[in-house]
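Shared between the two complexes below is chain A, which has chain B as its partner in the first and chain C in the second.
== the complex of A and B ==
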């Protein structure tokens, strides 16, 4: 279609899947020029924080084919790490980032090693149970975790001496983090490691027979998703200034899974689309929270039954089908979407 | 009260909670174990059973009639959802699981939309309290326990001894061969789903007879149901009853001796341990329904 995109090196083609996302993010970063309302900015910040976690989930679910119902718990580990570090040691935002990423990764490993041993559908139930357990432990943690009321965070977020707590600045920072998350997840997807994960997704036994250590890579993918979640948790804790256990129980995890599935877990644009759609759809349709949840639930069911790859992938496919009516040529896309129906069903 | 009286009291309280959990677990173990549908919205089925009971009692019906209505309504709902949604996910259980998560969100909030999120309760259908020695026995708890025993025994007999049960188990063993023997496998799947849903409806009616419920009651209950079903072994009604008893009594004791804040944790911990070390459950079950490769 576009002549410039034709020199079809695999790197070039891979880059093509990332560029639209970055272009959209640049547009999103320009939004403050329109002087949007504070409410809009807050919503967008929450959406962006979710999107960062969703990029981790997309590596786990979209690439490796493992569904976790405990992703919000990993976000929670990051958020509580940030809050406790800030309270006990006065450690601020930037140092909390690597610490929380590490904490969430370690927690993911602790959960992942036993959970992935049981395999199959039981894994999903295990992650769900671990998520609930974490919420119970946090609730019963006494003063250390602030029990059911949770923890407060004080202290501004600064960058090179500039106070980032202002909504617009925090917004821009979150957009930058989203871009970083998108690039990181893109890099993972297009690396040999990503290919290994997809091999496991498509056929575990075949992958094992090729010498791939399936168990270790699955846990690895889970840990990678934990890193994204931990960073998202730090951003969330410092944005809200207050965190409590219910934010990280299993139902928030369901909503995260819902977002990534509505957007499409295998596309690099999927998490971004899912996070934004779920955050802003109720605003656009003017729904109250109860109605919007009903709509989400119904959307999730419809997406799974009708467009198992998510809305974006569904739209892209419909578009391609329209194009394919004209001269039909097979184009091999090394990006992560799968166009063959047999793959799509998985 | 003497220590021994407190002990017996806690066993009785635990047994009535165990009854409701067992009813859910039997539904889960049948549906998950025999049809392969992972329906996490099963707890919401229970909650809706309770809501129907509440509506019917509020409208002036007697409790037994309300309970029957709850069973019918939830059974019917199960039929509709199986035909309309779950049968399209039979080949991909994970998709069925995700769909059920969507269903949780929808059902909870539809109830909130129509009947607000507050607690709902009905007057106790039986108010007599017997005093035996130092132990107070609420007759409503005894009623819940007896109904559960009767219903579970009936389901057990249906699965193990009747022609239909045999045909059902045959179709779990080998779907294709069973179909070749003239067993209408798809219809059996629907039947099991409806039976499990009806049990959840009954569970909801019994639950609201004991405690107030909210539209969000189903969430914790379903985890207990899955925990018990997995601990007992999938598809194994006997195992579900045994595991339900263990869990109910552990929870009763924990609440009675001052650890009530940890009550919900036991089922998760027990389930995680059982899945790790005895993936087929303590009492043996199907290895899960035709695990997707």
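== the complex of A and C ==
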């Protein structure tokens, strides 16, 4: 093996991409001191739960280059796992986490299998169909899945004996989960495994010629994204106390894809930015649901056309250009650079 | 000594097109073998079938005595066969150093012990790309991209390296540099098989040539003798010899 013989320089550069995210999360954790409204906290909790799923989606889309328009279905698998475990076995939040992560990972693997044969737009459409299919199955699952009405979750979420169901406490817990998701995603991106996924994104044929088992690693990326989705689903189910099939059909999936694209799938700050932006934009602009869909559609087109790396990367580039008046940098992964620190963060 | 790679009766059809028909070829340990032939004679297909990109329609390939016929490309790479593509390619969006890191991270067997590059940086030094380590592969000039392709294949620590037109598109200076590199490889335990139709290049590199025409091998032997063979001259008459 050729060793990745690198002193701690590049590791520091990589760490520097994580620190701003953690700093922002610390600030976000301090928000309850301002006694925000319950409405704000609920919105923030939903956004945070999405961000956890987005960190998984960013491994799949940002690193491996596979776009899934069925990701909400994997969140749904996690949510229904939590609800059914709670109803049938009285299993609470914490034990539901690993179980749901496993269930979503297995479903993710199944969604991923067609990606070995089908690529590009065709695969995107298949993942879309998968999301719709899951909603249909859940709707027709009779009493077991609660049909169209869905399932209720009872039983409080407790941590070391403390009741976490209180909105502020649940908010803080979600922020902690978001931080864990960001760190996990960052660790994957900056590992040899992350490099392998990027190699597949860049050129499958070349990757295979260098000994990379492309199929296995694609499935692996799905499994990783499924684990994040499953955990996100458990948090969602226990937060809402009630889940139903439409929450996990195609439109929520499109929203997730939209969020990760708007934020920037390759950046460690992207999922956080995208999740917050999409959740709070209608609130800030005071839009009704129809208007907000129109705005999202316009945003998506604008981002795809103007800022293919997402808003954050676009802003960073614009900022650098303003500072240095340097010509526009072409596509690069700002968070996964293998270069010297000065090069990495100029 | 038994050959490092033994190809027997290898055939490949694409629909109605016969790209290879019953090719026998043995590559001896430590040599630089040249494979020449007109455009469309099946040279690239030969490499693609050996490296698992295409499944053969018939015949077999064995590497160091093990049957590797029809294995997947990643398995062939891990067995110790490196491959550079006719179209120069790298991971365009990643930087040069990361390209080489990736290529060295999936090695199974240390097929080519005793190679002088133990780190990605050392390998970049060897091919002369050390100064470009931090550049994105996608912005490299074409000659450097070819060298990076070679570095990627070398990073997998192959015992056998297949080069498909490695000098295509290179200027004279770049070609000379490439020849200098390839010539060193047998000394580091790497057997080489190179495709090109530039006969000057082949004469510089290879003591032995095999000639393909319409998917069949029509000549195989010492370079001088093959180039004097009337059958070969006929194939190349007015062609690119």
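General observations
Here is the rule we go by: the second predicted complex is superposed on the first by the 316 of 346 C-alpha atoms of A that agree within 3 Å, B and C clash if a C-alpha of one lies under 4 Å from a C-alpha of the other, contacts with A are read in each partner's own complex, and residues count from 1 in each chain.
We take it that a residue touches a chain if its C-beta (ideal position, glycine included) is under 8 Å from a C-beta of that chain, and two chains touch if they have at least 3 such contacts.
Only a predicted model underlies this, so the values are computations on that prediction, with no experimental measurement involved.
With both structures placed on the common chain, the touch criterion links A:214 to chain C but leaves chain B unconnected.
Contact with chain B, but none with chain C, is seen for A:136 once the two complexes are overlaid on the shared chain. Which of chain B and chain C touches more residues of chain A is settled by the count: it is B. With both structures placed on the common chain, the touch criterion links A:301 to chain B but leaves chain C unconnected. Judged by the touch definition given at the top, the superposed model places A:125 against chain B, while chain C stays out of reach.
By the touch criterion stated above, A:113 is placed in contact with neither chain B nor chain C. Look at A:199: by the touch rule set out above, it reaches chain C but stays clear of chain B. Residues common to the contacts of chain A with chain B and with chain C across the two structures: 203, 205. The touching residues of chain A, counted against chain C in their complex, run 1-5, 192, 195-196, 198-199, 201-203, 205-214, 330-333, 336-340, 343. Of all the residues in chain A, the ones that touch chain B in their complex are 67, 69, 114, 117-122, 124-126, 128-130, 132-133, 136-137, 139-140, 203-205, 250-251, 254, 257-258, 261, 290-291, 293-294, 296-301, 304-305, 308, 345-346.
The part of chain B that touches chain A in the complex is made up of residues 38, 85, 88-89, 92-95, 97-99, 101-106, 108-110, 112-113, 219, 223, 226-227, 230, 261-262, 264-265, 268-269, 271-272, 275-276, 279, 288, 291-293.
Residues 51, 53, 72-74, 77-78, 82-83, 85, 89-95, 97-98, 100-108, 110, 117-121, 123, 133-134, 136, 138-139, 152-153, 155-157 of chain C are the ones that touch chain A when the two sit in their complex.
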